[in-house]
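Labels for the chains are A, B, C and D, by order of writing; each one numbers its residues from 1.
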């Protein structure tokens, strides 16, 4: 199975500071009716760095129950240490994950040379019971894994893809061109979803896809049908919303947007905050702009 | 006239440290037979920062004589001061330039706020006898002019386009989406020429286009005919060469590549140097790879 | 009690991948005989991000047993979430820590605005049973907390100091000048220990101090006696070693250096590695250079 | 003669867009009565990048007439090309300059490797009739020349010093420690003037010194007398003003500050601007704060 399509990195719902798993189930019920090909659980937008181990297990349980077998269940399992990453990846495998997304370790930036990252990812791939995807996200990690190293890693049979959130389309082109043909390249930055498809990406793992799943899926479908102008236009109308729920207002903004369109968003954990009323108005306007055509 | 197509930022030929204008004429004779839509004279790759005023005038004279009226003569005229830029832009106009490329001033980085750059470009546009294009090249200037400011500038009737060399396709999409429809958006980074066309760029001002003009023009033509896969493949084969003659080996590498394919390249001015023999071998291999299909 | 003096951020010893607590006890026995004023346990150099909760508890237990009451026991307790940080800070307090070092959260860089960091640190200070110090370390977090915000935080009675590892002496001067006079400013970058003292720092929390504690203490003592030239000279002789065991060879290099001078260093956890033999030779030479005078 | 002391990089006065040389003469008359050891003419703060060749010559003429032989006349002569730099350096020599400050070329950032910069500076030193100082100013050039390369350059008999404006005191310490003992190391960043003296700098080339020359000279004198606390306190009181007239409000702010204390400042050339009235109030307050003790 080669992975593809549109997948949201789902948020983790909280009420009174605790996991709100019934809210998660309801979100899944709605998402499952859309054209999304799967879900990323415990990704950055899932506030994985704010969850303790027990909470992570509960998120996996409920997600596994809620995700139909026809859709992909990808889990963010990257830790700073190699042994911690292997342990949690196999835990996710036992909980039923289809594949794991492994972020490049980054705390000791100066020491995370390409060869160190390569060895780490190969060690995880060797030990993992499920296929792994590399997660390259320089805006969070301060580290960029260059195309030539991704290409080398793509030759390992258990490294099945990458989510590249750099937003760098030249780099994405190089990754696609130089990597193994079985390797699934996802873009992780919604404002460049359409150009990423143009250079050969198989899909996108996009925060905004949990708010407007159908718009994202439509861009992909229009592209597949060769309707380039329509795809590009839809992309341009979606971009301001995509920026609003990520770089501009962060997870607090994303959760607010979810609430505005009938999903449960709620509050992020501190130190993150939900933005104020004025942002709600701005987000409403961005939804409007997307609908107009 | 809306500008478009593939244009090289031509190098300035030197022999024994002096301008070699007969070599320039011969280069033009060869380029004129290709599908290039025009030329950028005195751009970054023209080592404009290494030329004195008299030398610049001579370059303009010989270029004007050599460029047929059917092709665009664009001239790099940006100086650090507003008055210097205006003066030289109108000098270029008098020498027969069709339009001027004005780089964002950058020496006093901390003071070059968007409003300051906006006022500068508007002042130049107001005073210029020919249309101007904005030149955004963060890798040289350390300054990036964001899409919303470009969009505002695009409303001025004498600001007719932009060369964006950031390599940031998301930004290029935004520029195209938000700018005036008469505004010509060129990409200035060859490795993302194809994705730039996908998001709506009208052409490219590409260093590698003076070495392999036809390959660049072919990407554009394939794209226009809707042959996306072929365009993308040709782009991927050209990208390593494009990087070799810019980011990797700089103007010295570009001039060496010119010599390898029958143009006159020669040496750049010091402190720039021509790379050694081992780079010549590498460049030859990159040419080979481009030819294979 | 105003904190001051030279303190090492101690490494965590491993054997066969597990905590080697007897080795830790022996290291403490040696360190306790020097002029060090205290220790930072579970700091960055303690590989805290590679330890699970049980391992952290064990490190605190053994450290508490080994550190005499006359010396400071500071513990790194910063987590990404506010609630996680509060919980672990008070756990450290119950285990006998004298004070806690709280790193700025950093995973969601784009959202970590100064006000968010301020609110986080105030919330931790309010809830903590022991005094806290701010840990500003841009090279790991990608975030810098500016002097004006540190000054505001210094007014809180339970925020007792800062470890600033930016290496920026201008910033350190401003922090000292604008902060509350009871606030203890430590420098966290050994190559600027002497100039930090000149601008008013009360001490240093320095990785190299666990390898050559006496040299670091001597710089402080020479400075206090007004022997500026001698202090500066000793600093210059120590700087190459300080760089070798931090920026240049990371924690692997630091542990190797410890082994060379009679402490237990051992291996860091993967993905970090111990450097090869050639680095051992280089480190030996750096020790030599420090001894010569 | 080993260079030392406090020197301002003087501004270039304009009236109605033209050089106002009588104003320059009057500024010199006032400055000459202070403890300044010399002047930097045509530095960054002299808006050298906004002057044409004739204007530069006039600035040199009038400066030479106005600067007594007992004070140093240093001239900024760095151009992007090696031949341009040599030509202008020797022109400055013929106009009576005592030494030249040569900025690292920077337009082609990617190509300006340390070896290229080294070769450039050696070539200039070889050809120059006067001693040259290296000008390292990453905030303008985007390039930092590291201490080990400066140390190598310091061995050339005609490379007599450096102005390091990086603000990095660790780097300054290394430069001083590893360079030839005859080599004069000036700091170019006023907020770290005092710590720079502590690590061994011979003086400062400081924008704020043309506004409050005596305060700067006093810091140096207090330091020389071993009055560390007083020197540090004066530094801390001067720092906010120093930032106001450089990083915060740029050359426009510097010129405004000059007007406030009886020098002629006037307007910078466009695109730079003079800040508004509210900045004038802020600057007045900063002068007040400096005077209080």
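Quick note on the criterion: a residue touches a chain if its C-beta (ideal position, glycine included) is under 8 Å from a C-beta of that chain, and two chains touch if they have at least 3 such contacts.
Small disclaimer: the values here were computed from a predicted structure and weren't measured.
K.L.:
Touching chain C and chain D alike: which chains?
P.N.:
A chain counts here if it touches both chain C and chain D, and no chain qualifies.
K.L.:
Which chains contact both chain A and chain D?
P.N.:
B, C
K.L.:
Does the chain A and chain C pair touch with the same residues on each side or with different residues, judged by whether over half of the numbers are shared?
P.N.:
Chain A vs chain C: same; shared/all numbers exceeds half.
K.L.:
Consider the two chain pairs A-B and B-D; indicate the one with the greater count of contacting C-beta pairs.
P.N.:
Looking at B-D and A-B side by side, B-D shows more C-beta contacts.
K.L.:
Which chain lies the greatest distance away from chain C when centres are computed from Cα atoms alone?
P.N.:
With centres defined by C-alpha atoms, farthest from chain C sits B.
K.L.:
Hey, how far is the Cα centre of chain B from the one of chain C, in Å?
P.N.:
Distance between chain centres: 50 Å.
K.L.:
Compute the distance, rounded to whole Å, between the mean C-alpha positions of chain A and chain B.
P.N.:
The computed centroid separation for chain A versus chain B comes out at 37 Å.
K.L.:
Mind pulling the residue numbers of chain B that touch at least two other chains?
P.N.:
None at all.
K.L.:
Hey, how would you classify the chain contact layout here, line, ring, star, complete or other?
P.N.:
Basically the chains close up into a ring.
K.L.:
Got a list of which chains touch which?
P.N.:
A-B, A-C, B-D, C-D
K.L.:
Would you tell me which residues of chain C are touching chain D in their complex?
P.N.:
Of all residues in chain C, those touching chain D are 167-170, 173-174, 177, 189, 191-192, 194-195, 198-200, 226, 228, 232, 235-236, 239.
K.L.:
Going by the contact rule at the top, pick out the chain C residues touching chain A in the complex.
P.N.:
Against chain A, chain C makes touches at 17, 44, 49-50, 52, 80-84, 105, 107-112, 116-117, 119-120, 123, 139-140, 142, 247, 250-252, 269-273.
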